[in-house]
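Next come two complexes, and both contain chain A; in the first it sits with chain B, in the second with chain C.
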Partner chain A sequence: MGNGVTKMTEAIKFNLPVFVVIAPLFIAIVLPVFARRIRLAEGMVIFVGVLGLAGALFLAHIVLDRNSGTWIYQMGGWPAPWGIELTVGNLAASFLLVVMGVSLPVSLFAVGNLTHEVGGKQRTARFYTLFLLLVGALAGMALTNDIFNTYVLVEVATLSCCGLVSSRRHPRAAEAAFTYLMLATLGSALVLCGIGFIYTITGHLNMGFASQALNEIWQTKRHVVWMAMSLVFVGFAVKSALFPLHVWLPDAHSSAPSPASAILSGLAIKGYMICLLKFFYSVFGPGLIKEFAMDRLLVLAGMIAIIAGSVMAIPQDDLKRRLAFSTVGQAGYIFLGFGLMNKDGLAGALFYLASHAVIKSTLFLSAGAMISATKKRKISELAGVGRRMPVTMAAFTAASLGLIGIPLFSGFIGKWYLITGSIEAGSFLPTVVIIAGSVLCATYLFPVIRVAWFESAPKEPQKAAAQETGDAAVQRETAEVQEGPVQHGQLKDPGILQKLALVLLTVAIIVLGTVPGPLLELAKRAAAELLVLR
Partner chain B sequence: MRILLEKLIVNYPYFFAVILFVIGVLTVLTRSNLFKKLLGINIMESAVFILFIAAGNIRGGTDPILDTSKPEAVYINPLPSALMLTGIVVSVSVTAFALSLIIRLYREYGTADARQIAQMRNSALKAADQAGRDNYRHPDRSNGKRGDKNDRSNQI
Partner chain C sequence: MRDFILKRVAALILPFVCVYGFYVIFHGHISPGGSFAGGIIVGLSFIAFSTIYGIEKGRAKLSEDVLTWTESFGTLWYGIMGMVGIFKGVPFLANKLAGIDLGLPGELFSSGLISYIGLGVGIRVASTMITIFFTLMEDEE
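And then the complex of A and B:
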């Protein structure tokens, strides 16, 4: 009996990279069956989240232990040029840890809190299906070593993202989802074109083999390589909302249900960034990036995004919209780090990616808790919320400090490495922009904190407003609000699970900021690995 | 110049793929009708499929089924076609999902034109701003134009 159990654990351990990807996808497909027993479905979601986190921690442990070399897993036992490979390297392990570490608290937050935002048990079950599909696809993006497989996972993620946006029962959400779907499909068609060019000139879909072949023949096929690189860059830039191509993001991320906003802003766009990183560094290689000046393009685009995204966030009065624009700005830091082409810059970008994933999910979740308690989306109307909902607002404050980059919070370490990286690269403009971005970030986040903690709550503003205007629709709307379950007078923190999720994420922000140890180590090693010239 | 033209004529499928791709992208970005946008997406994706399949073709090659009686036969590369099967599946699901969203938008707003929808939404937002709140359903639903159908929107 004991022998059988050890054999089983051995088998699970051996196949762990596949299980981490397949488990969420499998449960996602099974979940609609349990739509009527929503508690059971929610339990399954959390169970998969816990399993995924355990698997990610175990894989990270193995990678950290192994010191060098990546664990290559061959799907179905087929060797490389024919079969699909999963690689468990430093990059994959760190991103997998981020995906699982963020998606578990987000699903904890969603449990029991979703029905009013999505409407109906059936729709809630569908929401979880899409959620798990997204998590599985992101885990796959972290692990896969095959460029066409990356495309398929990108499409799975895109469709489930659009589904998550449209899951809110609001016409605005459907409109945002349609725009998102169109632009995201445009992006993936561009990426697919790029993949087609790579395959045409190299004859390989495996990243390692394609990279080898590219570096042998690129001088004779200069234009094709250049074209493929640009297509892949623009495609993933659309999907991860690099500044001029961000138009879909504010609408999509602000009109999704709050847990969906958290995972879309926190994880989904990061998945596409990791794909871009893999294409640029593992397929084309650092030599070709320098040859075609893509590094300078990335730094320039990143700098513009930091300034433009942050400046656009300032005038937004809708809380979730302000956070969505802030995501556009923060994405700039990561692109900037990708373009610095040195160890510190790249490690900083990877760490910043992890830290922003945690911080932005905390911000969106606490904003969602405030919005669902007060039924108001505007920052100016949130006066006095801090004293009524201390836990939520404390999480929001900690996350804001982290995003600004105050020492002891996780954003600081990422920004520190980005700054040392840009000084090492010999250009001081990025340094100035990174610091200016922090100041702008404080400009758009501190007003929220000030209004929520230090201003006193107004007295019954809605009734008066509705009586002044004779608009029937508005009166009906106001009536709906007053019938709502929570009156302004009874404002309090959300339920125990939601509080637990917020506390977990806040603890993660502070832990990453004080003892970054293992994750930073993984990021540094990944950076060193990616920068090796082939 | 002549070499370039010759290359273009020899590789004509790629040329047509690029033209189709540009037509598709332009349709998506410039048309305001949601159906036309969706058609643009489909044209664009077809262009990518043509690109892949042209890349897999070998002139004078036969189907990639092993025929021992003809040892000198040249087979075309079946892998790009197989990849494009996956691509077509993705394209179909995108189309289905986009159509369902268009239906939902049409029931809500009574039109499938992106510009008109944006106008209605903006005027609604303005009305909401005057009333001091904006988190509410669209007022167009109460103006009676398509009121009978709009009330079903919750069930979609």
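And then the complex of A and C:
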């Protein structure tokens, strides 16, 4: 009996990398059957979330423990050039931890709170299916070591994102989803072309083998390598909303239901960034990045994105749109860090990625809670919300401080490492831009905090303010939202699970800001690993 | 459609179309085609039935609940087949390593788990095709 149990634990431990990927995927496809018993379906989603987080924590523990080398899992027992490999390294473990750590609170927030936004049990079940498919695909992106497998996971993630964006019954959501579908498909096509070029010249789909082959032949096939690199870069840049290619993001992320916005802004675009990082550093290698000046391009694009995204966020009066534009700006930091080509910069980018995932989900979830309680989307109409919804607004405030980069909150540590990295890289412009980005971030987030905490609630809804803006789509949205009766007496914090989700995320922000130890260690080791010249 | 000849011919042919679809699915590992193509053929036999005899009769044969179940569990079957390896103490989706007799290449009962996985994929594809068809028909009404 005892022998059987140890055998089972051994089997689970041995197969953990594949379990964290397939558990969400297979539960996702079974969920439609339980559409009529939505409580059961929700319970399954939470269960998978808890299991996934436990698995991710255990994998991170193993990776931190063994200190060097990566754990390679061969699917079906086939060795590398033929089979598909999953690698559990520092990068994979840290991103997996982020994915599972953010998706569990988001699903907690969604439980019992979706029907008014999505409508109907069938549609709610479909939402959870797409949600879990996205989580599984992101976990796969973290672990896979095969470039075509990456592409498949990218497609799964993209299509489930489209579904999540369109899950609200509203013309604006459908429009946003269509724009996203078109641009994301374009991005996928570019990535696929890049993969095709890599496969044509190297004959390998495994990242390690492709990288080896590329290092041997790149001098004779300079243009092909350059093309492949550019295609992969632009493809993933479209999907992760790097500044000039971000046009789909504000609509898509602001018109989705709040839990979907949280996971789209917090995790989905990060998955594509991790894919880009893997392609650039694990396939092409740091040498080729420098050779084709991709590092300078990344830094430049990152700087432009930080400034442009933040500046565009300032005039937005719609709360979720402001947060969506802020995502465009914050994505810039991560791209900038990817291009710094030193240990501090890359570790900073990875830590900032984790911290932004947590912070932006908190912001979107608390914004969603405020919007569904007040039935208003405008920042100027949120006066006095802080007094009535203290927990929600406290979470929003903590997340805002984290995003700005106040010490003791997680954003600070990421920005600190990015700044030391950029000073080490010898260029001072990125340093200035990072600090300017923080100031701009304060410019667009402090007004929300001021209005919500320090202004007293108005006597009647101000409809005049809604008609001043020219954005017709926003007006339609506002009109739709305002249909419900506005009762200021009932304005209070959301249910216990929603509060729990917000508290968990806020605690995560503060813990990452005060004791960043393990995650920072993983990020540093991952950076050191990626920067090794082969 | 009220065409007598069409209905009689369909009644004669469609069962064979359906069986042929399963033939393609089960021979996926040794001949051209495979579970995707076979699943499409199986789905097509039901789609043709609903077009010729009317959507209500098609719905009566395969209700929405049945389709949801086959769709979900067709894919889950893939996962269960993958788990066989794990139960035997070897990696996910392992076939020969899991100690399954692969048989002689070219024979129907060969290649271990591949043909069983193909059955799951085929069922999934067939039910998805039918679901898409029913959804489109409902939108039109």
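Definition applied: the second predicted complex is superposed on the first by the 509 of 534 C-alpha atoms of A that agree within 3 Å, B and C clash if a C-alpha of one lies under 4 Å from a C-alpha of the other, contacts with A are read in each partner's own complex, and residues count from 1 in each chain.
One rule holds in what follows: a contact is a pair of C-beta atoms (placed from the backbone, for glycine too) under 8 Å apart; a residue touches a chain by one contact, two chains touch by 3 or more.
Small disclaimer: the values here were computed from a predicted structure and weren't measured.
Shared-chain residue A:4: touches no atom of chain B or chain C.
Contact with neither chain B nor chain C is seen for A:426 once the two complexes are overlaid on the shared chain. In the superposed model, A:79 makes contact with neither chain B nor chain C. Residue contacts after overlaying the shared chain place A:32 against chain C, while chain B stays out of touching range.
When chain A is checked against chain B and against chain C, the one touching more of its residues turns out to be B. Shared-chain residue A:315: touches no atom of chain B or chain C. Contacts of A:22 after superposition on the shared chain: chain C is touched, whereas chain B is not. Touched by chain B in one complex and by chain C in the other is not one residue of chain A.
Those residues of chain C that touch chain A in the shared complex are 68-69, 71-73, 75-76, 79, 82, 85-87, 89-95, 97.
By the touch criterion given at the top, residues 7, 11, 14-15, 18, 22, 25-26, 29-33, 35, 73-77 of chain A touch chain C in their complex. The residues of chain A lying in touch with chain B in their complex are 119, 148, 152, 155, 159, 162-163, 166, 169-172, 174-175, 177-178, 181-182, 185-186, 188-189, 192-193, 196, 199-200, 318, 371, 375-378, 381, 461-462, 465-466, 469, 471-474, 476-478, 480-481. Interface residues of chain B, counted against chain A in their complex, comprise 21, 24-25, 28, 34, 37-38, 41, 44-45, 47-48, 51-52, 55, 80, 83, 86-87, 90, 93-94, 97-98, 101-102, 104-105, 108-109, 117-118, 121, 127-128, 130-139, 141-142, 153-154.
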